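One chain, subunit A, appears in both complexes that follow, with subunit B as partner in the first and subunit C in the second.
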Partner chain A sequence: MAGAWRRAPWLFSVANVGTFLLLWQWLASAGVLSDLFFPAPTAVFAELWEGFSTGFLWVHIGSSFQNFTIGLGLSCLIAIPLGLVMGANRYVDALVSPYVWALASMPSVALVPLLVLMLGFTDAAKISLIVLSAVFPIMINCMAGVKTVDKSLLTAGQVFGAKKRQLYSRVVLPSAAPFVISGVNQGMSQALIGLVVAEMFATRQGLGYLMVRAQESFNAPLLYGVLILLVVISLTFVEIMRRLEARVAPWQTLDGI
Partner chain B sequence: MGAVARLRRRLGERVFWTLFTVVNLTLFFVGWELFARSGVVSSLFLPEPTRMWTALVDEFSRGDLWGHLGYSARNFAIGVLLAIVIGVPLGLAAGSNRLFYRLLSPYIWGMSSVPRIAWLPLLILIFGFSEMSKLILIFISAVFPMIINGLAGVKTVDRTLLTAGKVFGAKWRHRYVMIVLPHALPYIVSGFKQGMTRALAAVVVSEMFGGSQGIGFVIVMAGQRFNVALLYALLVFIVLAALVIVAVVDRLERRLAPWRTQVAI
Partner chain C sequence: MTVAYETDGGAGRFVALRDVDLEIRAGEFIAVVGPSGCGKTTLISTIAGIVKPCQGEVRVGGKPVVGPGPDRAMVFQNYALMPWRTVVANIRFGLEFQGRKLSKSEADARIERFIDLVGLRGFEKRYPYQLSGGMQQRVGIARALVGEPAILLADEPFGAVDAMTREAMQGELERILAATGQTVVLITHSIDEAITLADRVVVVSHRPGTVLEVVDVPLPRPRMDDAVRGSAEYARLREYTWNLLKGEALGAHEQSGPAA
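And then the complex of A and B:
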């Protein structure tokens, strides 16, 4: 028995989650759990199925996905070059970093009222919040990536006559790459938060809006359904980034954590 | 650049960079003030720093801001403490016991990968706009970084140290206290840091949704009353609060684990 678990660890997880869902189903159908608050898993999946087959879920997912990719893309475009320069140049670092750290440590959620005031309930407000959530973790990680380059490698490069440009492309960038990836990783999860918050406050579309509407109409199955969708979406992103990281920096993977 | 470099050499690194930051920030705020006064951007969107300051002082002297801050601080403290008390032991246990880890990990990873804020509608559905839903959101936000960091702390213990301990006859309890915990400590502290910053966001967002107390509520009200000066001032205030939290935990980290300056998670 134990041998089977060891050979296929996912089997254990499937059994684990399966038992959990069965137990929940049983408690819900026995009436122990109030179906207003804890609807049976079958009801949740039925709601999801209906949402997908009538297509109204796709509209919200599409809207969320569009804003998310635009926001994250913009964040990368801004943050990666700026972060790399901050890491390489002491003066730029000292000039920019007070503001970067201040904004990075601020819960970006608090910016929602200001953004709504300035931009109204528009996509621009949502994308701005996503960018403001994601841009600073990416920037800080890129900076750290350049700063932690092994000095002896740089010296070695210099000794062997590498030009500044070569030092950057051959030494600095490869060693900063895993930091960039992990920055994008963090930025992504922050962007997801920014997205959901923006949609909860300021729209008629998207998964965050759907949750608020489900809450207001006491549609618990839909609420749980959207939560499950969010779990699936974010786990997919995490997995994609893990693959990317393994390719860019195979020596960096932290297995078993 | 020559003059700057000469100045840098004459003053020494520390003084130079402190001076640099002071000048930098001063110029920033003076520039902001002048730019806002010039009226290029509507003062509705960009208030002058001086106006922000008076708005904040006003709000404090009228007395209700202290109450809101106290309310937020109390919720923050309760949520974070609960998260520490529950999260750290859970993380340590999950790191030490393989079966327990396998049992817990799907839920830990699933729960921690959802944007925390997304739990709020569900909590409001179940608990209404009560303090309970706020505290639980703060707890949920803070607890997973603590669990995961505790877990990582135990899992990354150097095996040879454990084997050495065993060879020299240390009991399980001794190995745990002398080897595992000291190694896990910096991870746990960095879990505190992540947990607390997330808890701060949860405090603000939970107060923005329903309820009539706390700094999040004041921010929303300032926005609705177009009191932009107060809105900006409160944002600056939150930044300062967050920086203080990070600085306190950093100091704790340096005291508890002076041999490592940074934890790579």
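And then the complex of A and C:
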């Protein structure tokens, strides 16, 4: 048993989740669980299967994915340079940081009414909410990355003759790189929240909208199906970022999880 | 030479070093010992050109120091290696910002030579986090020497490694320097390290740091030899230096005594 555990730890996960699903299936089909609240896993997967084969799920996934990528991309474009400059230049920091901290501490969901008022039920409103959700964690991490650069590395850079600009490009930036990645990582989970919320309130497309529609039509299997999709999407992104981090900053992830 | 810092608020000045006058000959190994907080690191930073004296100057080869330069390089107590660079790339860091351009192949050949000299062959592609403290400091030493500086500055280079590695590294340093004929200024709090490695030991007083005495160490080399370290002369020098420092350490204790 212990040997099998070491060789294939994923086997345990498969058995674990499999048992859970079987139990759920059994309770649902025995009528212990209400169909409306806890539909059988088979019904959920059948719904997903139908959604994929008829193609209507793809439309919503595509719309969500597009807004998510644009939103996150814009967030990175804004937040990474600004965050890195904020960390290095105290004037920029002093100028920008009151707004950054104010907006960062506000739940971005609270901006939905304002955004709908200004932009209506458009993709622009959705992307705006995603950007407003993701931009601050990224910015703050980038800033912290620059500020927490090891002082002795800066001294070493100076002693070996690096000028200010070289110090920034060869010492500060590489040492901030892991922070940038973990900022993007945090931004990504915030962006996902922003996406779903925006779609629930401000749209006729996307996975968030699909859940609202499923709820209105009492289609619990579809609701569960979309939730599973969101979990899968989220985990995929997290894993991609984890690998990227291990590649870019192996010294950081050495004794991490 | 005097080095002072403006204290916070600019209300007063904190004088780290006062009237330090020291002449170091080419090829000489100088060790600087003193109680903690005596300005040893300030002294070496001033020579490196990252701290400016407010009175007097540092001259290297007759020319006043106005900032860091390729004629001086430093080895750091905490190694200060770039964690994102491999051993080779970290050593190359010592060449990257020097005014005079080496061709790529010249630089590579130079780096190869120092990898052999410090005994890092086979570890070129490793990252610092994959190396022991002693190995990391070898990288630090190679990075400092690769630019062939006139003066090697070392700020407690073996302060962060364990006692056994420390002994071994002192022997390594002696061997490496015998090969390069380098001028060295070594900061240390270990009298043994100072006497084992240096031609002259500069004893610095408690703050503001002034030179108490410069002790000549006329012991034969190599000194990592038991016969040398067990000799009566070694013991005498050790005790003499210790007595100089003991007065300082006690003085420091009284100054910052129980009332303060």
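In the analysis below, the second predicted complex is superposed on the first by the 253 of 257 C-alpha atoms of A that agree within 3 Å, B and C clash if a C-alpha of one lies under 4 Å from a C-alpha of the other, contacts with A are read in each partner's own complex, and residues count from 1 in each chain.
Going forward, contacts are C-beta pairs under 8 Å (C-beta built on N, C-alpha and C of every residue); 3 or more make two chains touch, one makes a residue touch a chain.
Nothing here was measured: the structure is a model prediction, and the numbers come from that model.
Enquirer: I want to verify the contact counts: of subunit B and subunit C, which reaches more residues of subunit A?
Expert: Comparing touch counts on subunit A for subunit B and subunit C gives B.
Enquirer: Given the touch rule stated above, what does A:P174 touch, subunit B (first), subunit C (second), both, or neither?
Expert: second
Enquirer: Tell me which partner A:L114 touches in the superposition: subunit B (first), subunit C (second), both or neither.
Expert: In the superposed model, A:L114 contacts subunit B only, not subunit C.
Enquirer: If we overlay the two complexes on their shared chain A, which of subunit B and subunit C does A:K164 touch? Say first, second, both or neither.
Expert: neither
Enquirer: May I ask you to decide whether A:S152 touches subunit B, subunit C, both, or neither, giving the answer as first, second, both or neither?
Expert: The answer is second: A:S152 touches subunit C but not subunit B.
Enquirer: Going by the contact rule set out at the top, does A:R204 touch subunit B (first), subunit C (second), both, or neither?
Expert: In the superposition, A:R204 touches no partner, neither subunit B nor subunit C.
Enquirer: Subunit A residues touched by both subunit B and subunit C?
Expert: 254
Enquirer: Would you pull the subunit A residues touching subunit B in the complex into a rising list?
Expert: 5, 9, 12-13, 16-17, 20, 37, 91, 94-95, 98-99, 101-103, 105-114, 116-118, 189, 192-193, 195-197, 200-201, 208, 211-212, 214-215, 218, 220, 223-224, 226-227, 230-231, 234-235, 238, 254, 256-257
Enquirer: Can you tell me which positions in subunit C touch subunit A when the two form their complex?
Expert: 48-50, 68-70, 72-74, 76, 78, 80, 82-84, 93-94, 96-99, 127-129, 143, 147, 153
Enquirer: In the complex, go through subunit B and note every residue touching subunit A.
Expert: Contact set of subunit B toward subunit A: 4, 17, 20-21, 24-25, 28, 44-45, 102-103, 105-107, 109-110, 113-122, 124-126, 151-152, 155-156, 197, 200-201, 204-205, 208-209, 216, 219-220, 222-224, 226, 228, 231-232, 234-235, 238-239, 242-243, 246.
Enquirer: Taking the touch rule as given, give the residues of subunit A at its contact with subunit C in the complex, in rising order.
Expert: Going by the criterion above, the answer is residues 150, 152-153, 155-163, 166, 170-171, 174-175, 177, 249-251, 254.
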